[in-house]
Amino acid sequence: MLAYIVRRTAYGFVVVLGVLLLLFALFFLYAEPVEMARRAVGEKAPPEVLEQWVVNHGYAKPTWWNAEAPGDTMIADHFRSMLTFDFGRSDSDDSPILGRIRAGMGPSLSLTLPLFAFGLVFGVGLSLFVAYFRETYIDRMGVVLCVLGMSLSVLLYIIGGQFLIGKLLRWFPISGFDPSPGVMMRFLALPVLVGLAEGLGGSIRFYRTVFIEETGRDYVRTARAKGCGDGRIMARHVLHNAMIPILTRVVVSIPFLFQGSLLLESFFGIPGLGSMMVDAINGNDFATLRAMVFIGALLFIGAQILTDIAYTLVDPRVRLS
Amino acid sequence: MNEALLEAHIVSNLIVAALLVGAALAFTAARRSVLWSRAGRELLRRRPIALVTILVFVMVALLDSVAWVGGGGTEDAIALEQSRPRSLIDRMFAPDFKEKSYSAPLADAEFYGGSKLEHPGTHLLGTDILGRDVLHLTLKGARVALLIGGLTSLIVIPLALLMGISAGYFGGRIDDIVFFVVSTLASIPSLLLLIALIMALGRGPVQVCIAMGVTGWVGFCRIVRGETFKLRELDYVQAARALGVSEIGIILRHILPNLMHLVVITFVLLFSGLVLSEAILSYLGIGIDGSWGQMIDQARDELARDPIIWWNLFAASTALFVLILSVNFVGDAVRDILDPKTLGGE
Amino acid sequence: MSVPVLRIDEVLTTFPGTDGRIPVVDRVSLEVAEGEVLALVGESGCGKSMTALSAMRLVPKPGRVDSGHIELCGRDVLGLSVNEMRAVRGRDAAMIFQEPMTSLNPVQTVGAQVVEAIRLHERISFEAARSRTLDLFEQVQIPDSEQRFDAYPHQLSGGLKQRVMIAMAVSMRPKLLIADEPTTALDVTIQAQIIELLRELQRELGTAILLITHDLGVVNELADRIAVMYAGRLIERGDRVDVLSNGAHPYTRGLLRSIPAHARRDQALSEIPGVVPSPREWPAGCRFSTRCDHVQERCHSEVPGVTTVAAGHTLHCFDVADEVAR
């Protein structure tokens, strides 16, 4: 088991290197350093200032190979700085990127963690409910509602949520953020609600399919034949087996947490990593974008490794092979 | 003269012609196959409304793709319009069918100020901030939506098939490479990758589609790879190999046809995902011009005004929702019909 | 005369089709006496499994038992509440299935699954149930019972898994054990062991067995009486020796003729021409009429009634009825 973890982590590291290579290609082979300087410093800045900016931000070095000082190239810098989390300064406002990331993590987590937890609980719970009543009106209506829910763009959920609950009903503030514990909830309520509503449709449909498939399996028939009731079957037999595909899906949905946080934070004025990304896009801030994408990938790879490990805990067939 | 040949609208006209020919060919090919014609009839039986709705959208999109310069109207005031290519949809509306700014649906006067409109009572869905007719804009959005879904799928599916089949069939080194590339791409959350790609490639419609294509092929590739692994071990494939059929022959005649049902299912399900993704990109400012997503983005603070301006958002949202809903319903039915368990046996 | 352990009367089980419901068990009646082994024989798709599932009220949705009467040890099964039926299953009547691979919960140890079967019907501690389970494992000849208790299904062979299933089924000493093709998915050598085990258990515990199979060899080893099904209907029944030696229905005779052991070296294997029709395509009148070599005009439109050939040996065939009348 330990060997498996080590192997898995090692491959993960190789993938990280691949990601860095890809990022380098994307950000450095297409970017025009002088253009970036002009955007950052100002259109009318004199050429020397622009050049100085380019040098300061490390864009002046040779890309691949430096004959005079081997190792002093953009690509070497790129790998070195990313792997040591030395992200440097933003292209648009020169602020230290790592510091801003640290500052943004708190607000982002305070949004995504509750969203993730509630999404899982409600998703699994509601789909168990719907699957229990399969082939009845409750089930059919549930599926139709899910498809309807999945067909609405997340933008509409946000705009609708803000309009209905923020403006018409005035239950919660439309946007803004306050880190103090008591007040924070009021500002997070609406984005969490909106994020939940948007994600439920797809989740319930998927979990429902998993539960229905499991319920149709032979071992459930055996359990019934020995006298298990439906409730016990769901709780003690189906749920555990269903965890395996559910676990996969939960991990696959983690990137959507990023996506969600991007939109939710920016729409609802939460100063987290998501709105940092949106600012970076609008400001063509490549340095920040590069760092953010890298972190996103790291988190995702980490999550995948964790899931693989979780599989061994949940599924004895994986553990004992 | 030569430049005229490369004009966007002429390319668009040619593409429409090619699409129609391609569709006709695919249709006749499907008619001949028992499996596909039965599947098609079953689909028609189960989801007639959704199919008709999609057909309407496709028609609108096609009509908007056929454009040419000139014709219509003789007044000097619209001489400027003469030099721009106008599609069949454009020609349903008068060339200068604009106002100064907002107006409510079927209104006679401007929304702000109340001065008389150029074309009172004719804007079925009102006008937007630039005075453009909202119905006109909404209809044109259909073309963009189908472009997103269609062009991107055209990139995703062949790419995924190529990589997936190579990896699954040949295994070994090729599989290692493909698996590594797939893992790397899959490790970056797709929206982040999309953003990075568009920043690098540029913000035109073709670039956006390419970016979405590069981001989207990974999932389908994994499925193709898994299926190809299974298909390769089937008895009749082994028999074909023993008989000396070339590798390409086996792939084309045995592997590929058995993946077609996955292709159809993936195409339909991918479509709605792509259109919805573009809406998000539009919000971030890197979407495609003229899409419903862009309309929604431009309209998003109109609800905050007092009195609220709702028709812009309503038109774009409804169009988007109806199309996606129809595609989703059809997609579900397609997935049930083409389920291997119901396909093979009778 | 003791009460029959299982009594099925005119049971009709249907599934939804494109126009109305399709019967898969078409008014079948049979009885299993206390302690006897009744073999329900027929080809795949004839409805024998569904008959058994109907008896236990385990017909999978969207199928259902539409009409008829089912009695387990004298109790009307169809009239029981859901909770009462749950108490019956596993305790008064138990069932084992064909595919031991998929019939056990893959994420639970086999020991835990047998313990559950016991504790669903008896309020005893886990420890007590565990030691009962270990005894059962020994009874069904599972070696190293202590270690096997903590094993997961995928770690056991097919034969061992089937023994676990049998242990689970007989844990509460049920009056009736329904065995649905218990040996079909196993190797031939293991088949013999399982059949031997069933025979021993039946002797020791006095359990009646409803054995469902298409393998006449297994029937010969275990059965006291035989009932033959074709296309949802019961077409012949009687003593084992009677049916196997003097099987009178054309279908039964066809089956017996086609046993490879009966073939002669220089002759082609005998077979029944045609294929078993699916429930949607069942012919009117006698269902076997399309493949029968003794078919008459009326077989296509009328359903044959009961004809008695010998004591306890009955069947449904116009041709045989004519012969008996002569």
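Just so it is clear, A, B and C label the chains in written order, and each chain counts residues from 1 on its own.
As a working rule, a residue touches a chain if its C-beta (ideal position, glycine included) is under 8 Å from a C-beta of that chain, and two chains touch if they have at least 3 such contacts.
The model shown is predicted, which means the values in this text are computed figures rather than measured ones.
Participant: Which chain's mean C-alpha position is the greatest distance from chain B's?
Facilitator: Of all the other chains, the one whose centre lies farthest from chain B is C.
Participant: Consider the two chain pairs A-B and A-C; indicate the one with the greater count of contacting C-beta pairs.
Facilitator: Here the pair linked by more C-beta pairs in contact is A-B.
Participant: When the centre of a chain is set as the mean of its C-alpha atoms, what distance in Å lies between chain B and chain C?
Facilitator: Chain centroid spacing, chain B to chain C, equals 55 Å.
Participant: Could you state the distance in Å from the CA-based centre of chain A to that of chain C?
Facilitator: Computed value for the inter-centroid distance: 54 Å.
Participant: Can you give the whole-Å distance between the Cα centres of chain A and chain B?
Facilitator: That gives a centre separation of 25 Å.
Participant: In their shared complex, at which residues does chain A touch chain B?
Facilitator: It comes out as residues 11, 14-16, 18-19, 22-23, 26-27, 29-31, 147-148, 150-156, 159, 162-163, 167, 254-256, 258-259, 262-263, 277-278, 281-282, 284, 286, 289, 292-293, 296-297, 300-301, 304.
Participant: Residue numbers of chain A touching chain C in their complex, please.
Facilitator: 134-135, 216-219, 221-229, 236-237, 240-241, 314-317, 320
Participant: If you look only at chain B, which of its residues touch chain A in the complex?
Facilitator: Within the complex, chain B contacts chain A at residues 180-181, 183-185, 187-193, 195-197, 199-201, 272, 276, 279-280, 283-286, 293, 296-297, 300, 303-304, 313, 317, 320-321, 324-325, 328-329, 332.
Participant: Under the touch definition given earlier, write down the residues of chain C that touch chain A in their complex.
Facilitator: 56, 58, 60-62, 82-83, 86-91, 94-95, 97, 99, 102-108, 116-117, 120-121, 152, 154-155, 165, 168-169
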